[in-house]
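Look at the two complexes coming up: chain A is in both, with chain B in one and chain C in the other.
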Partner chain A sequence: MLPVIPLAALFLAAFVLPLIALVAISLFRTPQFAELSPAQYLRFFSDPFSIKVLTDTIWLGTEVALATLILAYPLALVYAASGQVMRTLITFLIMLPLLTSTVVRTFAWIVLLGRDGIINTAMLSLGLWQAPARLLYTWEGMVLALTQIQLPLMALPVINSLLRLDGNLTRAAEGLGAGRARIFVTVILPLTLPGAIAGWLLVFAAAATAFITQTLVGGGRIILMPSYIYQQAVGVQDWPFSAALSLIFTLAVTGIVFAIGALSRRCVRGVDAA
Partner chain B sequence: MQRSLIDRAYSTIIGAITAFGMLLLLAPTLVVLIISFTGGITLKFPPPSWSLRWYVELLQSQEIVAPALTSLKVAAAATILSAVLGGAAALGLARSRLKIARVLDALFMSPMVLPAMAFGLSLLLVFNLLGIRLSAATLVLGHTIISVPFVIRMVGASVQQLNPVLITCSLSLGASRWYTFRRITLPLIRRGIVASCFVAFLTSFDNVPVSLFLADARTEVLPIKLWAILEGSLDVRVAAVSGVIVLLTLAGLVCAEIFGGVSRQIGSR
Partner chain C sequence: MELALSDVRGLSLDLKGIGHAFGATVALDEIDLTVAAGELIALLGPSGCGKTTMLQIIAGFLRPSRGEVRFDGARVEHIPANRRRIGMVFQNYALFPHLTVFENVAYGLRARKTAKDVVAAKVEQMLGLTQMASFARRLPGELSGGQQQRVALARTLAIDPGLVLLDEPFSALDKNLRLDMQIEIKSLLKTFGVTSIIVTHDQEEALSMADRIVVLNNGRIEQIDSPDALYDRPASLFISSFIGHTNLLRGTVTDADRVQLDAGPEIDLGRSTQRRRGTQVTISVRPENIAFGAERPGAIPITIRATLPLGAVSVTEGVTASGEAVKVSQARAAGIAKAQAGETAWLAISDVSRVSIFSTPVDDVSKFQQRSV
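What follows is the complex of A and B.
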């Protein structure tokens, strides 16, 4: 255990201690650290604006997770059914966004969604749109960008669980006369659910906390929890409130992640028993 | 008859979504690379003409080159720190059967679960309470913490695959602990170390939420600088920076692949 001590000491000083400080500071009533009280939390939960920021952020994570799920399954099915060349290509395409810096990926979406961007140019020249549409600084644009940015986090676990699926099961279903669509719904989907849920959790947490993409593609008018925390901490310098915001956000995200994780383990046990 | 119709529709839909998904994965990176060679002064796509002017302009932009160098230094320092401390911890944890080992393992992994913003803010609050001035060192400290989970997982996985008999053999043949570590353990867990260094470096180089709180005015890092530029205007120089980052990352990936088989490590994560 001796080699563990330096890192444990570092974590105690630079991880555990700060979190304790965060909790302590969130319990002060004023930014001058006067009077201990749960005032910051009451302020948050009695303010419809703050509540909406939180629910919007959770909804964003959910929408992006759903969108990546819809894209990841077909990719995984094609991956599992293809030969080496196609598999390498798909792996490369999945790794590409994973390895490019977040700011670069976000910048790419600014280029794609902008007024003179590729989508507007294509739609106008095809005559499908009469005037350039506003895509940047909209909720939909932000969801699209985050879907692409987070897709690898969904695709990798889904592919992994699909590859681990016993091929005899699908062949048995085929032999018994089930069509491909039916095999997918009744055999593949339930048995690869653990992978999908693992991906769901990763994408949900990543999309909800994606400060850069949220601020640059969503724009200044869409306020979500990360930018709310930043604005309260750095702009307003209201540390007790921003500390409370951070904790509420952390608990909301990790709470949902753990709840879905626990629920899925129960479902998986159900599938195994069946 | 009806079933085959459903199946054909199913196959078409799967094929179409896959094609769309692959295009979606590739397009943004490709578009950035293309637009970085534009001769125009806007992000108009397709570019009206071609040139290297934005790369030339980038080299002359001290306000972008300096943060880039800072980012590289901070990432290098954070990578070394997290690889040494995290690697040692991973080795220690893998051999221990104590209950506290599992608790510590969970602790070292928790920066992955915690929203990085909350961690950055909490560290800033502590520095302020203790009267520690922000500097490059505080930034490195924050980046080290968030890079550690990758080291713990990847090096830990390599240590798990290591056959302990080899260590026992070496020791019983009279080799010292240090010699055994250098000649037996280290070469066998090299893949995990290289892969985790690669990921740790990218994590630090790319980090915004922690740097946002922990960087002082003098240690401006690249992603924050780019974010600030893009908040204000759509500067084409960012495309050139992006082009450089993409190419360097690909080069780094090739190196890491040669030395450590990094894609297998990331793929199995």
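What follows is the complex of A and C.
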């Protein structure tokens, strides 16, 4: 019990207390901290723009999680079928993004996607494109960059659960006459779902809250919750509203994380062979 | 049996000149085996003897480096596992943990795109045969080992396989349950008339289940025979020590039918040793073929080490003057005096015709001798 006291103290001071402060601040009606009321929350839910920012942010997290999921399975299957040398190489490539700073990774994407960036320059000089395409400061560019940056969060748990899958199960399915696609859908996918869910939750939460990448690759044209909160707090100096935004965003992300977790635990059982 | 099972027939299996190597390691060498339709065969051998490799080659998970695999006379090496009409029962049963008993048994039928009502009828029939009907909606994790094994067998038999392969099927079961399941599964396999191959390292399992036993050692077949023949007439020193318990006694041939044992006496085998005088031999005498007797010519003196009461029989362990361990098994009838450790006793071979004789290998016999009961 005793050794966890420093951690508990840190958690209390750096997380619980600020959270309580945040709740308190969000309950003031004006930026001058006058009058207690739920006005900030009413303001959020009656404002279509604010709601759009929230749903866009959640949608971004969903898209990035889905993209990493689709990329992670082939990667995991190749990994599981590979020898030791190849596995080490794949692990290194997967881990690489985690070994560089977010800012560096994001700037690398700016270099790639920019108007005079590598992709545009290459396509133009190959004559495939007539004019430079706008890749940077677009939704798609942002999804692409976040997908690459957050792939390890999905790939590692999926690989881990695939390696723990009993090889006799796929052999049994094959022996019973199932082809590769059926084995994947009825055996591999449901039994590695816990890994995929873990990955999904990590990527979803990380992508939705990725302030730096969202801001730099999105370039301020796309307003998402993290930059919205920053703008309200630092730009407009409306602390009560930005506190309310923070709490709504936190609750939305954790709510979705818990809901998906609970829902898919039920689905794992219900997966049918049909 | 009221079920229409008469049209279900096992297929015949032929292995010819099968060889397989993993890199430089030879796992199987020159395997020839013919299995008749409906026969129940056990592949028996110590771990690393190549029996699992052989199973995987028959199943189609592994392509042999050399040789032919024929099902009903047709070569199948190029046919993948999912097209071979093979049913596989795995050591850990490999039931799909996320599917119910019903869905597990239905898996193979659904993979064959069988109509829904046919699937339901077939699964019901299989669960009925294996007495698992009331567990249809359970998950495998909620079943006991024996129940899981029944489901595994029902799942395998549901696809009407021509050949069922069982990989160490009883090793995960309690010893008490094992014999019951062996009887039950043997009768199920026989009812279906399906050809079956059981891979095991447990000689009791092989002896109790199989019509014929194939003994593998170091990637080669040592002997193929019925359980009785294997026990009574082992073809090699390895088999005599691997199948059941035995006592190995060294000696020298002194006459056409006589052997001078290192342990003391000269014994008359009642038949020709078919070896020249002076040849070093090892005779194998089963513990139940040896009994305590009086001190007389031909009796083998031993020093008692311990007596182990093992339920129906009592096993006495002793050591000869030449240092060979000897076990004597006798029915625990009343009136048998319990021999005390350290005493000297005299042993007589009950039936010399059931004694096997082998040339003593160049290396030590002791590697074939068993340590304890």
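Throughout what follows, the second predicted complex is superposed on the first by the 254 of 274 C-alpha atoms of A that agree within 3 Å, B and C clash if a C-alpha of one lies under 4 Å from a C-alpha of the other, contacts with A are read in each partner's own complex, and residues count from 1 in each chain.
Criterion: a residue touches a chain if its C-beta (ideal position, glycine included) is under 8 Å from a C-beta of that chain, and two chains touch if they have at least 3 such contacts.
Model, not experiment: these values are computed from the prediction.
Enquirer: Under the stated touch criterion, which partner chain does A:Trp239 make contact with: chain B (first), chain C (second), both, or neither?
Expert: first
Enquirer: Does the superposition put A:Gly117 against chain B (first), chain C (second), both, or neither?
Expert: It touches chain B, and chain C stays clear.
Enquirer: Looking at chain A, does chain B or chain C touch a larger number of its residues?
Expert: After superposition, B is the partner touching more of chain A.
Enquirer: Could you say whether A:Pro190 touches chain B, chain C, both of them, or neither, answering first, second, both or neither?
Expert: A:Pro190 sits against chain C, while chain B stays out of touch.
Enquirer: With the two structures laid over each other on chain A, which partner does A:Ile51 touch: chain B (first), chain C (second), both, or neither?
Expert: neither
Enquirer: Identify the partner contact of A:Val257: answer first if only chain B is touched, second if only chain C is, both if each is, neither if none is.
Expert: First partner only, chain B.
Enquirer: Touch test for A:Leu169: chain B only (first), chain C only (second), both, or neither?
Expert: Second partner only, chain C.
Enquirer: Looking at A:Gly179, would you say it contacts chain B, chain C, both, or neither? Reply first, second, both or neither.
Expert: Once the two structures are laid over each other on A, A:Gly179 reaches both partners.
Enquirer: Pick out the shared contact residues on chain A: the ones touching chain B in one complex and chain C in the other.
Expert: The answer is residues 179 of chain A.
Enquirer: Applying the document's contact rule, which stretches of chain A touch chain B when the two form their complex?
Expert: Going through chain A, the ones touching chain B are 1-4, 6-8, 10-11, 14-19, 21-22, 25, 70-72, 74-75, 77-78, 89-91, 93-112, 114, 116-118, 121, 147-148, 151-152, 155-156, 160, 179-181, 184, 205, 208-209, 211-212, 215-216, 226, 229-230, 233-234, 239, 242-243, 246-247, 249-250, 253-254, 257.
Enquirer: Which positions of chain B touch chain A when the two form their complex?
Expert: Its residues touching chain A are 3-4, 6-7, 9-11, 13-15, 17-18, 20-22, 24-29, 31-32, 35, 42-46, 85-86, 88-89, 91-93, 96, 98, 100-101, 104, 107-108, 110-111, 113-119, 121-126, 129, 141-142, 144-145, 148, 202, 205-206, 208-209, 212-213, 222-223, 226-227, 230-231, 234, 238-239, 241-242, 245-246, 249-250, 253, 263, 266-269.
Enquirer: Could you pull out which chain C residues touch chain A in their complex?
Expert: The contact residues of chain C facing chain A are 59, 61, 80-83, 86-88, 90-92, 94, 96-99, 103, 106-108, 110-112, 139, 155-156, 159.
Enquirer: If you look only at chain A, which of its residues touch chain C in the complex?
Expert: 166, 168-169, 171-179, 182, 186-187, 190-191, 268-269, 271-274
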